[in-house]
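Each of the two complexes below includes chain A, the first together with chain B, the second together with chain C.
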Partner chain A sequence: MANVTARPALSRVGAGRFTRQERLAYTMLAPVFGTILVIVTYPFLLAVVQSVQDAAGREFVGASNYANALANPLLYEALGATGTYAALVMPTEIVLGLGLALLVHRVVRSTGVRALLFVLATIPLVLPPIAVGVIARLIYAPGYGVLNHLLIVTGIVRDEINWLGQPTTAMPAVASVDIWQWTPFVYLVLFSGLLTVPREEIEAAQVDGASGWQQFWHIELNYLRPLVLLIVFFRLADVLRVFDHVFVLTGGGPGNTTQLLSLYLYRIEFKYFDSGQAAALAVMVLVAVSIAYSLVTRALPVERR
Partner chain B sequence: MRRSRSWRAVLATPVFAVIAILYAFPLYWLLATSLKSKAELYQTTLTLFPEAPTLQPYVSVLVERGFWVLLRNSVVVCGLSVLVALVLGLLITYPITRLEVSPRVRVGILNWALSLRFLPPIAIVVPYFAVVRTLGLYDQPQALIFIYSLFNLPFTIWMLKGFLSEIPREIEEAAFTDGASRWTAFRLVLLPLAWPGLFAAAVIVFTFTWSEFLFALILTSTPNAQTFPVGVQGLVTQFEVIWNDMAAAGTIALALPLVLMILARRYVVAGLTFGVVREK
Partner chain C sequence: MRRLQWAPALVVAALLIGACQPATPGGNIGQKPAKLTIAAVQGNEDAALKAVAPLYEQKTGIKIEIVEFPYDQLFEKLVTTFKANSPTYDLVMMDDPWMPKFGTDESLQPLDSTYGIKRDSDIPDVVYDVGTWPPPRGPVPPKAKGKAAHLIGVTIVGNVEMFMYRSDMGPAPKTWDEVKANADKNKKPNFWGYVVRGKATNPIVADFLPILWSFGGDVFDQNWNVTIDNAASLKAVKFLVQDLKAAAPPGSESIDAADRSRLMAIGQAYQSTVWPGEITEIVENSTVSQVKGKVSYIPMPAGPSGKGIGMMGNWLLGVPKASSNGQAAADFITWLTSSDTQKTYVEKGGIPARKSILNDASLNQKNPYFAALAKSLEAVPNWRPRTDQWNAVETILGTNLNAALAGLATPEDATKKAADQIRTLMKGAGY
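Showing the complex of A and B:
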């Protein structure tokens, strides 16, 4: 009884609480945000619906698409390939990028050269992955590939190596493209992190006779740690979306050695036309990513104000 | 002290030289290949320098293969996506940076935008494919514009939020006391001040959409809506690869981002890291 009488009073208080500015803000936000929310949410719901129907979209099949998706051994090969790719790419990029950032920070003093390196390092980040794939193709491909040519001319190898065609070299070749394109990103982020280290702390350490290594380990690393975390999260998200350069380099082959998760999903939907299984996979990926995101989001050092 | 620095410099020089070669050579090789004639490609020995540089591969790609249509599609799709993303981005960032809204709304929107960054497109493309087909937008540029502006909104929101919140509110308030309406103040005071930021966001969103391949591959099938990267891909995966044409197409695809990047170089990293990294 008390609740019923309290309700109208509460809502009046609620309406009166909005200032003119707030009302303007919400009239701007509501339609845009509402539309976007529908646009983003609807396909997810659709994927859920698709995932419990047969490929023709007529019959309800329960969880069988999920069962099929999980029973497919190719899924585990794809997950394995994605893991291998991440294991090759991420540590290499972080170690090389960190090493380079430290090297430049300690050796290059001129602000002009630093600025130039900044611009140069930005270049790979904006190149279309498809174009980078083309470049890699011109380097690794049999016949015209220049890497084989250089190796033979210098006498390092005698016969052509089929870089993209054999399982042992295809994955490193594909990963090298990622490393080429994204190590500069790690460098840029960590270098800018090094610039935030207060000079007094470094000078105090040097007065105490700290070695370069101690200086890094005890001082600089503290300032870099949140950035390394950021890099790990962003790059992990990127590994899940890697598609373009692998698609043009190997198409997932030879066999399924470079068939990363994104290429696998593509194949299920657009080569096998099994939209039920593809939707089930999509739902599982989205749920897994959302859970992972909600776990790590607080640790992301972004400024949310 | 000085001694250790010179020792480092000696060590650093070959490292920088190797890195320079690792980055310059692949780009050079792309350009060099794109300037070779067909005859030179079929010589038995590989030539590291084009013997008789020719622009024929570019003519072949753009005119004979008709890729200029894809180039036009790319420019139209990217341009309109940028426009839509900026307008939506402003409609969202203006209220949360310039008006009194509860911090919870503000943080909620920013978090939501950030979370979109982590969604793998391939998982989203499956349901979108169905939606686009039902709406009759398959192989239409509208579908790409729609999706590109949506998926670049997170970047746009975070970049615009950064730029808008750096402009002091007092400047606008001064305009209000002079009798300006909110719209006038936005148009005549805020917009000119925010212009460099808007421009940077536009350039970056343009570059990202220019590079996008997966959605374009799946949602288009003919030159009616295909974008340039889809065309490039066609040259790479066809049965017999024509190296110089492929290289010419690749060069065109990366030329535009390269030029645009020079204009917005200070903001690229800030954009990619959601404002965590700012150039000093």
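Showing the complex of A and C:
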């Protein structure tokens, strides 16, 4: 603080509250604040306003949209489906991504191979979700799906498995697409984390006779923990937005089995045209996610001054 | 320099003010625009439109810019664009079940009274009727009662849902009973007697409605009372989810139109309902089909009601209320649907609605479904109920039918649940 006040450039100009540099800083930030205002704050405020209006957006209806949204049993089915989806994809992606990162970090020494793996891992991340859904459909489709064909040809099963048409297999099939697309993201983040672990600590542990597992558990995991939380942070946001491949694969079926929250919200807005209820749902989801994120953020080791 | 410090803030403020300005429709009325922008559906439905659009530019100097969206995104885009009264598009392509929503919301300009577009006797009345709001026949939604009917959309894709079967293996079914008998007779390992397009919501409803109507059932009666749970409707539900499913491939619950036509094209299915687009794109496309020339197309078979009823699935062009180039947009519609342009349009894969083209012998040879489409239009196919609540009704019905098809609910329970939900919805909407 003493250093700051000592800088002559920060001297106050006239009787204004801000120094010249502060004014310059705020002016430079104005476009950013303006952009955030337009693309985040303004739509959010609109959603809040819409959530207390009727479907046509003409009359104030108080909290009735919130009450209607909470009274709709389909909401709880969608929440249940989203929970099941998250429970399937998030642990699986973290375990597989972590395993892959450890394997490559410990086994692959060639810089070229590591770079190749980096590129390969990036490919699923840049594919449009709708394209991934279409490809997945060719794998799971009834009649001509590649997966059933392979299973029958190799003698693993005799009859086709109805992957997308029964609740027990539809959700895992839909989740598998997410796992395929996002495990590489977990791998990339955790592999980068492993590269930051000081070599001396690992070597010291090895001198002391620590096993591979002990090295991971007592040293590497400490460095990876904040990254895992960050992954949970990002993936939770993604899971709440999952739409395209579910829409392409099952359309939310069979019945409502794979109707995730995003698909449900879409239908309330664009099939039922109930903008008020859709806005109320969006506001409630945002509040719930904000609370969840603040809890996750508290667990992150933030550097404080 | 100090003045320049505020430049970024001023730019943002200017953008914000600009963004908040309302649209100014009608600004260019009477003037020839440099271009017309069309929001169109991506796929075979707009392929011919894209192919003939440059001809219009050659003729008039007006560039046609086509902005494509996948089916569902197009609908979302139109809903939000109309809600914002934005003049982004001069013309919009619309599936006919969307017309009640856009008609009720008064999102489109009347093409008859404003721009003088008239009915052409070479095009069946039902094709104009489907683009007219309020609907000229059948029940009228409460919000549209008493309003003058206007043409708000003109068909550019004359889709009617029909029936296809392997004519190299058996005769044409005249009734749904014969469809079932043929399905059972022809079913064998790795070959299915019937393909149910059973994916949740829109797909299964599109597959089911012609069966429902042919069985004498319906979703609503003439007074918007829900009839999906009456005896005739329940019989149709059972026919789909039990009788036809028994001859269908496993996984019917997730089969959509593309899967159905693929199963036909690779020689693994005997028959199903079909849209013209599937025929041109897959079943009769020699680069992907093993059954080209082995499949025939007929109007919907008859049910216990004695009638076979096809379903409209027309794509129409309309002019948004906010468009500032209404006259030029209407002129384009007139040019596109004219007899001369339609000949080129058909050569480029377009699906026509003109009787003279559908009944042309040489064109019939190239397009084996034309005769069936002409007969289907002549028989006056049904349209999906003309209510602005249709999207929600379809979602409810399609989810419950899908649950019944998957065995998650009995036909009785699924039908009752759907009927109860639709009644609640319609009551809430003032029906």
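In this text, the second predicted complex is superposed on the first by the 256 of 305 C-alpha atoms of A that agree within 3 Å, B and C clash if a C-alpha of one lies under 4 Å from a C-alpha of the other, contacts with A are read in each partner's own complex, and residues count from 1 in each chain.
Operating definition for what follows: contacts are C-beta pairs under 8 Å (C-beta built on N, C-alpha and C of every residue); 3 or more make two chains touch, one makes a residue touch a chain.
What you see is a predicted model, and the numbers here were worked out from it, not measured in a lab.
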Touching partner for A:Val113 - first (chain B), second (chain C), both, neither: neither
Which superposed partner A:Ile135 touches (first chain B, second chain C, both, neither): first
Chain B versus chain C as contact partner of A:Gly253, first or second or both or neither: second
Contact breadth on chain A, by residue count: chain C or chain B: B
Which of chain B and chain C A:Ala87 touches, first, second, both or neither: neither
Touching partner for A:Glu22 - first (chain B), second (chain C), both, neither: first
Which of chain B and chain C A:Val189 touches, first, second, both or neither: first
Which of chain B and chain C A:Ile39 touches, first, second, both or neither: first
First, second, both or neither for A:Phe270, with chain B first and chain C second: both
Chain B versus chain C as contact partner of A:Asn162, first or second or both or neither: second
Footprint overlap on chain A, where chain B in one structure and chain C in the other make contact: 24, 28, 130, 137, 141, 144, 247, 251, 270
Interfacial residue positions of chain B with respect to chain A in the complex: 1, 4-5, 8-9, 12, 15, 19, 22-23, 26-27, 29-30, 33, 41, 46, 48, 88, 91-92, 94-96, 99-103, 105-107, 109-111, 114-124, 126-131, 150, 153, 165, 182, 207, 210-211, 213-214, 218, 229, 232-233, 236-237, 241, 243, 246-247, 249-251, 253-254, 257-258, 260-262, 265, 268-269, 272-280
Footprint of chain C on chain A - complex, ascending: 23-24, 27-28, 30-31, 34-35, 37-38, 130, 137, 140-144, 159-160, 162-167, 170, 247, 249-257, 259, 267, 270-273
Contact set on chain C toward chain A in their complex: 5-6, 8-9, 11-13, 15-16, 19, 70, 72, 75-76, 79, 101, 192, 198-203, 249-256, 259, 262-263, 266, 268-269, 388, 391-392, 394-395, 399-400, 402-403, 405-406, 408-409, 425
Contact footprint of chain B on chain A as seen in their complex: 19, 21-22, 24-26, 28-29, 32-33, 36, 39-40, 42-44, 46-47, 50, 100, 103, 106-107, 118-120, 122-139, 141, 144, 146, 149, 180, 185, 188-189, 192-193, 195, 206, 212, 227, 230, 233-234, 237, 240-241, 243-244, 247-248, 251, 261-262, 265-266, 269-270, 275, 278-279, 281-283, 285-286, 289-290, 292-293, 297, 300-305
